[in-house]
Amino acid sequence: MSAAEAEESYSYLGPPGTFTWAALQQVERARGKRWRSVNNVGEALDDVVTGRSTAAMIAIENSVDGGVSATQDALASIPNLRIVGEYLVPVRFVLVALPGTRLEDVHVVAAHPVAYAQCHGWLERALPEHAHVPATSNVAAADDLTGEHVLADAAIAPPGITEGRDVVVLADDIGDNPHAVTRFVLVSRAARVPEPTGADKTSIIAELPTDEPGSLLEMLEQFATRGVNMSLIESRPIGDELGRYRFVIDLDGHVRDERVADALLGLKRYSPSVIFLGSYPRADRRSIEVTTRYSDTAFREAREWLESIVDGDAREP
Amino acid sequence: MSAAEAEESYSYLGPPGTFTWAALQQVERARGKRWRSVNNVGEALDDVVTGRSTAAMIAIENSVDGGVSATQDALASIPNLRIVGEYLVPVRFVLVALPGTRLEDVHVVAAHPVAYAQCHGWLERALPEHAHVPATSNVAAADDLTGEHVLADAAIAPPGITEGRDVVVLADDIGDNPHAVTRFVLVSRAARVPEPTGADKTSIIAELPTDEPGSLLEMLEQFATRGVNMSLIESRPIGDELGRYRFVIDLDGHVRDERVADALLGLKRYSPSVIFLGSYPRADRRSIEVTTRYSDTAFREAREWLESIVDGDAREP
Amino acid sequence: MSAAEAEESYSYLGPPGTFTWAALQQVERARGKRWRSVNNVGEALDDVVTGRSTAAMIAIENSVDGGVSATQDALASIPNLRIVGEYLVPVRFVLVALPGTRLEDVHVVAAHPVAYAQCHGWLERALPEHAHVPATSNVAAADDLTGEHVLADAAIAPPGITEGRDVVVLADDIGDNPHAVTRFVLVSRAARVPEPTGADKTSIIAELPTDEPGSLLEMLEQFATRGVNMSLIESRPIGDELGRYRFVIDLDGHVRDERVADALLGLKRYSPSVIFLGSYPRADRRSIEVTTRYSDTAFREAREWLESIVDGDAREP
Amino acid sequence: MSAAEAEESYSYLGPPGTFTWAALQQVERARGKRWRSVNNVGEALDDVVTGRSTAAMIAIENSVDGGVSATQDALASIPNLRIVGEYLVPVRFVLVALPGTRLEDVHVVAAHPVAYAQCHGWLERALPEHAHVPATSNVAAADDLTGEHVLADAAIAPPGITEGRDVVVLADDIGDNPHAVTRFVLVSRAARVPEPTGADKTSIIAELPTDEPGSLLEMLEQFATRGVNMSLIESRPIGDELGRYRFVIDLDGHVRDERVADALLGLKRYSPSVIFLGSYPRADRRSIEVTTRYSDTAFREAREWLESIVDGDAREP
């Protein structure tokens, strides 16, 4: 056991200072363990599949850009993975440069394309004449300010970037949307589903059986008729041809909640392919309210009633 | 046991010769047992409840007039009854009279109101000037031709009426609808539900929770989302005020069929009152065809998949 | 005009004193006009079709017994009729007899079968040994106490029966359900639909296209997706074979209400046969509340938006 | 007129050789007109809004990556735009380098991130040790092979790149998905919707009124109850907070088709915000098949029936 614990490690899109790194900071059980910085979602999940890492932290949705396609597609295609936790990180950006640089000296800005897009408004106003050099990550953008080939005069990066780097903040909070937040999930190998906490989320990916009118509707009815709310639904192309989709869906509730289990049974019978990604505590810890009709008690009482019927003990209370 | 068997008896709306009597003739296990002729549905069911009779044969639906209200309401209010069999009797009527009577002698016709209504067209054409004397049953109508007070010159009755009675048929097949048929059910005390035969029907009575728009729709979705067909739906006033209804529903399939059981669970959770009236072989012995999606196998496989998920053994084959 | 008015006449199930007569008393425009007492619904509607009467008052639903089959079937089969008004009559029964009769003298009770059924509880308690003589109407029951052939010692009849007849009340309010009420409709030939009053009802009869699972559901969705509430739904056998039904439906609202009109359009496209029976003021004068989404304004604004789209004037306010 | 025609111009994500350029090649009316090469979707649409261009060609969906977020969000936020045509371009990639370069000489690969992701499998196999330099477009990637600062040894680019450039193809068809295709739309200012061709598509963007369970379901029912198929549904965050979405939807059919118009009316009444993006011929020219129930004739006949009802001319044929 202690050997295993000693080996516990966590993969994340590095280097330290990225938003993913900030998300992993929130995971209590990851503290003091080994963290593996990787270059993309594929590497992170590969670490989990091969056992190099206990779990991987990956971005799954952004309040501005929507679902992270690479993550959704990886979760749809790599078997035996499970989401075990959810974490929110506010998206804040700063413009950094080498000490001594003034804003009016900035002509070329290094930025990851997503970060660049999210600061577009500020850049238009403050640096209307700038050129953009794309970077592979927010931290790599800062690295473009130093090293052998200096590519840019300034970089867009997360606030933590100044730690351990010789850069200064030229402008703070330059993101266009002050409420922007990124949702991360911690992914491990499939294991027994954890107990419900009363504030859980369940993630699945499902395909439609046909593309007839109403087939999506019929799939969604599996949730609606059991009072199960969807907090997310995203379509993703299956990839073989235009017009064929799978759906990435987040449900309020836990697979051990009767209504969620019943909805998944209905979904499984309907869809040619359902992938269960996990039931896990919500990042916001907000309890799910369920009307009496969809409570565990209602499900249990209905089952007891049905059993009494079939055995002929009773008909109606 | 032999004592109990000796005591086996069956109640029916008599006397011998009625359509109900014809229905009871179809019940193999009732042959050679004691038959109790009663005056109405209430008496017949009372015989069952008190144990005076093993079972009662009662009319529940007519292809011309629809559901028999008295039967439906009795089944909704008397607890611990079960439908155990279904029987169809063609509705044929003859006009009978004492020997020597000619059609042109007929001025007053005795008839049960329902029979009278079903021969209305023929009467209009053949006896446009006749008067009607209502009778309490089709057989009682024939009795009005004889006895102390002769009330009528002719009577509308079932074809079997001539057996053991000194009456002759003046006109055959006088019903307006040649395809008319009455559906009877055999009702006993609640007991273990019989095994499915593959050609079964399930009868229930359910109330709506509210009278909001869409509440009936939501109830029916419980069946539709499980591929369960309704062969009958009738609304009956609950009786406390106008606008409040319960629904008498026949479903294709047996409560031991997974899709029917699942639909009843959904219905039970939705409706404030569900009465299970029984699962029993269909009179027409027509097998119920079920698409793969709603087969017992589909339900079983979905359950196994869900169990494997929760235990973390697998995610997706 | 005055000639036409002079000829105005109203048919009803007579004689004076019946519940139908009580309903017709409520019709202001019928006062002082000629009233034709008829024997059944068929005669009443025939008077309207042939022009013998301006309108006919007929019972359509009873809070205890449900829909009146004969009325529903007549409205489904006779073309060019319209419901123009709705009236409620409380169902109260008294036991009457010739003066001098005491309750303990009563052995034979004359009663219309429906009235008899609705007083069943009281009869069981007060006259457990009585015999029943069926009568063709509530008033005819009272007539059985007098005349050439006296058939009964007492009769079940409406409270008004004592007017102009030499009978006395032996027992008052003997109905089993003190809240029982019968709903009557006034029927005339098809004409321009009257203006909405804000408290209207619309009656239709529709057939299902097939008997597949979900076909009733799909029909009801036509109402639910437009926020149109059903205050009544009754299935009636079409009559050609068991298992084929038409549905008698009352909707809250008027055909000139946008949401009702739109629902009828959807219904007409779906159903192989839709019969419009009329839009008319509700007996209870209760206003229909409609959420903003289903208001006439919402329909009108959506139409204006669509027109602006097609013409390219605007895209979005 | 000839002056206006002389000024006609078309914006596209350039330079010549990009997939967008290939899409614009398919537009007959753009031949011989002025083409404006721009840097991103925002610029292209801005050209249309300001009148600098007649129309802009922009990528909207990729069979591998799904919807193009930037395009969807721009169409959702910029008013008075209309999609007037749809074009498909197969996604094929080649690896190019300066003449004389051998595959084994390639260490650094320039590629737009999307192109890079779509050739990931081939790169893993053929160049397992390569480094990646991101480029702002597929054509810019090729430019990184020449000029002042040479950043890469090879570039991923579309097949047309070799025209007019001193580069050679090192490897052909290196995309991971041989069936990959990108869908482009031609966007102009809002104008009168073109006539239906029988093979049309309608694009809209709509918000949900609430996030209650079933609210998406209710929105989709607007299409399903009118037999309108969705060929695309994508959720996009509205951007103000996590969990709030708008939906980008493509419908089979034209806004002048009765069933589509009726569905849009229903949608408009339901949704707090509906953006109509246009009805335009499908790229694949495949005719939309419509069952009788949802045909223009069915809609017209239902309307005629309703009018006759209200006027009282008829009830039922």
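List of remarks:
Going by the order they are written in, the chains are A, B, C and D; count residues from 1 in each one.
Everything below uses one rule, namely that a contact is a pair of C-beta atoms (placed from the backbone, for glycine too) under 8 Å apart; a residue touches a chain by one contact, two chains touch by 3 or more.
Since this is a predicted model, take the numbers as computed values, not measurements.
Between the CA-based centres of chain B and chain C the separation comes to 26 Å, rounded to the whole angstrom.
Between the Cα centres of chain C and chain D there is a gap of 58 Å.
A separation of 60 Å divides the Cα centre of chain A from that of chain C. Among the residues of chain B, those touching two or more other chains are numbered 221. Chain contact topology: the protein chains form a single closed ring, every chain touching exactly two others. Every pair of chains meeting the contact definition is listed here: A-B, A-D, B-C, C-D.
Residue ranges of chain B in contact with chain A, taken from their complex: 79-82, 190-193, 218, 221-222, 225, 255-256, 261, 264-266, 268-270, 273-276, 293-294, 298-299, 301-303, 305-306, 309-316. Interface residues of chain A, counted against chain D in their complex, comprise 61-67, 69-70, 88, 113, 117, 120, 132, 134-136, 177, 179-181, 183, 211-214, 216-217, 220-221, 223-224, 227-237, 239-243, 245.
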